[in-house]
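Labels run A, B and C following the written order; every chain starts at residue 1.
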Amino acid sequence: MNNKFTNIVFAAVLAVLAASEGRAADINLLNVSYDPTRELYKEYNAAFAKYWKAKTGDNVTVNQSHGGGGKQARAVLEGLEADVVTLAIAFDIDQLYQKRKLIPEKWQSSLPNNSSPYTSTIVFVVRKGNLQHIKDWNDIVKPGVSVVTPNPKTSGGARWNYLAAWVYALKHNNNDEAAATAFVGQLFKNAAVLDTGARGSTTSFVEREIGDVLITWENEAYLVLREFGADKFEIVTPSLSILTEPPVTVVEDVARKHGTTEVATEYLKYLYSKEGQDIIGKNFYRPTDPEIAAKYAKQFQPLELVKIDQFGGWDVAQKKHFSDDGVFDQIYGAGK
Amino acid sequence: MNAIAQPINPARLVARQQKVLQDADWVRWGLVAIAVGFITLFICVPLGLVIFQAFSKGIAAYWSALSQPDTLSAIKLTLLTALVTVPLNTVFGVAAAWAITRFEFKGKSLLTTLIDLPFSVSPVISGLIFVLLFGAQGWFGEWLSAHDVKIIFAVPGIILATLFITFPFVARQLIPLMQEMGNQEEEAALSLGASGWRTFWSVTIPNIKWALLYGVLLCNARAMGEFGAVSVVSGHIRGLTNTLPLHVEVSYNDYDVVGAFAGASILAGLAIVTLILKTALEWRQANR
Amino acid sequence: MSKSSIMPGFRPTIGFTLIYLGLVVLIPLSTLVFKSFQLNWDDYVHIITNKRVLSSFRVSFSTSLAAALIAGFFGFIVAWVLVRYSFYGKRFFHALIDLPFALPTAVAGIVLATIFQPSGFLGKLLIDTFGVQVAFKPLGIVMALIFISIPFVVRTVEPVLLEFESSMEEAASSLGATRLQVFGKIIFPNVFPALLTGFALAFARGVGEYGSVIFIAGNIPYVSEIVPLLIVTKLEQYDEVGATAIALTMLVISFVLLLLINLLQLCGCASAQDNSKEVRT
């Protein structure tokens, strides 16, 4: 009897809920991301909401938080309840496992292509006319060239910048690390401003009119041209650069708590679909799907791309270059 | 001890001038020129730039920037934060000023210094301490997550950080004034048989009302405008945990210059309007 | 002020003050102390004496000192003018002084960087006429900190100037002192403690300032990297303990500074009162 009563109450509650919410469930996801993906995810979130509505009838709202990669990962560690994280470097996502086991150890193998649905690389932006005749990495270490890049200590993008220069220097100096250190050191001696994030650097270069060359993400460079005019800036693609693989993952611990594991996983998987890949290409990231990549191939200049694996992955690179008293600190400490 | 921003009744400024010995004209005008030049350079020009940028694409663009849902929710959150923090810190300020200026006790200097402390703590540190306390890896982190209470990266965290930052404002206004006033008037009222509350409301409050108002205004301005500390505890979720100052930064980084400066113009405008209003009120009151 | 036995409300007010102070300020701040216990003394010294940390302390202290001095000098003139002279638009200027409290520091940073950038209208002027670049140099930090410091100086000096006994001035000039002598011998010594307080408050605030500075500093290690930025950097490197070690050091410095200010105030008030009594009698 009691059971029956409970059932009736339960059904009534459900009916009220269904009536008030129009049957479709409202789902909220939080995507914690790095700085230059603002435009990409703005477009992608709308597309995914439409796709998910058509597929399940549920309304998905994806909330966004953007900031420097290290800051964002720390926020998630300290309790920012992100269902998914989409950061600039695997090292930062890896901390979610290392420090709090919010994600499984092998998180990077849960999605195709090392969990990177899009890739990009590091290129230069110069002012129209390219007065300094900058063509490649060896041109920007020349004395008198003023360089704008974020600080590798606070920006994931800047770590890619640094490593791209490092790879180039190694290749042109027969893998001599001392020579590469000197090369990268020269580059950072030319730095006029070290902003804390990639967006800050873009602003310094574009709005503050500081520097001759901005080292930045390829996608950010094309966005500069779109936002501020191709008549004011030019993109220079170096002969060799690093293949940047910004990874994505579901923060399983949080998603389980929110009951959003399924939709969060689908949210990331949809990035690999034709539609997702198309939005990625439109926003100047390099799609990983061969077909869509071919479609957008002509918008990018060809160049030789080196993978982070050549350094033994992020853990090794981080320790060697960016930890306290690592190579980066030595560069600035050397002259003092 | 003295205060920053001790209230000045402008009417007294006028009365004052008649008594003071006059300086030579060239000294007067020279100094006025320096002062006005300095304030123009460091305050008027930045303020002008904010307004210029906000309206750089016309009034329509300004309004549409302000009526974005994200902007509106940032304004709402900022108002909510001020609405909670300002009354709390006002009550505290009055209580602390009463205790410190009306009684003698050991460790008074230390207490005053501790009250001032949030003034000189770096905003970065002000945010960090609340993360250390309520963050998932902090002191209460496990308990909070077990009970599903969200403080950091949610509204309570923003309110706490703002409470900390604006903690001294009202107290710092009142303490020097009440110190200087002494307590003869209150003692007189009390010895005539008035109750403690009555004395406070009809003797103390009328004497300190301008300082109190000024403290509340400053506290409010700072509560609405705080950036550094709030930025650490907010999580920067658009439309949810971005206060107006954070929204300004986000818009600026979205290359939305009009949106950014429209937000900034609201904060600056609000502060200036309230301060001018307060000055005007005082003049009327004094000239009556 | 003597102890008053008939004054009511000591227990509730002091009780509330202490509890509220404890909850909002002391308990949160104590986390820094406890976190630092994870370090032993040698580790702490190692972190603090790191070359880069030391140089950021140097940058922070020297720029704050310069800014507080400049703001002190001009702030004194502003306060003087606001108290003693009347001119058109004075009320408006009077209200503007507090703007730096209200404007978010990030906005201040962005705006000042726009003005002083090499192509900005003041930045260009300074480069063309004096060959000095302000933004993205340590000088840019000084500019941002001056902006932050203005209300601290002006609002500390103003009330003291206002309360100043004009009878002292009159007495001095009737005895034949020139205006400059009156200012140097009578007015300035009396205002000096307040000015010093304003200066010290501005200095203490400047050392910790973050939001406005990072937009205009350039943030180059050993040149224009400030202490709060280094704390943020350490945090983003997941080095919480290192960050708290630096933060605690800053906290202790600001506490000592404030304690000095308050002691200064006590002495200052006492001596000012003595002076005025002497003159009156």
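Quick note on the criterion: contacts are C-beta pairs under 8 Å (C-beta built on N, C-alpha and C of every residue); 3 or more make two chains touch, one makes a residue touch a chain.
Everything quoted here is computed from the prediction, not taken from an experiment.
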Highest C-beta pair count, chain pair: B-C
Centroid comparison with subunit B (C-alpha atoms), farthest chain: A
Whole-Å separation of chain centres (CA-atom averages), subunit A against subunit C: 39
Separation of subunit A from subunit B, taking each centre as the mean of its C-alpha atoms, in whole Å: 38
Rounded Å distance between subunit B and subunit C, as computed from the means of their C-alpha atoms: 16
Set of subunit C residues in contact with two or more other chains: 114, 232, 235
Junction residues of subunit B - those touching two or more other chains: 138, 252
Sites on subunit A at which at least two other chains make contact: 99, 200
Contacting residues of subunit B [partner subunit C, same complex]: 1-8, 10, 12-14, 16-17, 19-21, 23-24, 27-28, 31-32, 34-36, 38-39, 41-47, 49-50, 91-92, 95-96, 98-105, 109-125, 128-130, 132-133, 138-139, 160, 163-164, 167, 176, 179, 182-183, 186-187, 190-191, 196, 199-200, 218, 221-222, 224-228, 231, 244-245, 248-249, 252, 260-261, 264, 267-268, 270-272, 275-276, 278-280, 283
Subunit A-facing residues of subunit B, complex: 131, 134-138, 141, 144-145, 150, 152-153, 235-240, 250, 252-255
Residues on subunit C engaged by subunit B in the complex (per definition of touch): 1-4, 6-10, 12-14, 16-17, 20-21, 24-29, 31-32, 35, 74, 77-78, 80-87, 91-108, 110-112, 114-115, 122, 146-147, 150-152, 155-156, 158-160, 162, 166, 169-170, 173, 179, 182, 194, 197-198, 201, 204-205, 207-211, 227-228, 231-232, 235, 240, 243-244, 247, 250-251, 254-255, 257-259, 261-263, 265-266, 268-269
Subunit C to subunit A touching residues, read off their complex: 50-52, 55, 113-114, 117-119, 135-136, 214-215, 218-222, 229, 232-233, 235-239, 242
Sites on subunit A touched by subunit C in the complex: 68, 70-71, 74, 95, 99, 151, 153-154, 191-196, 200, 204, 207-210, 322-324, 329, 332-333, 336
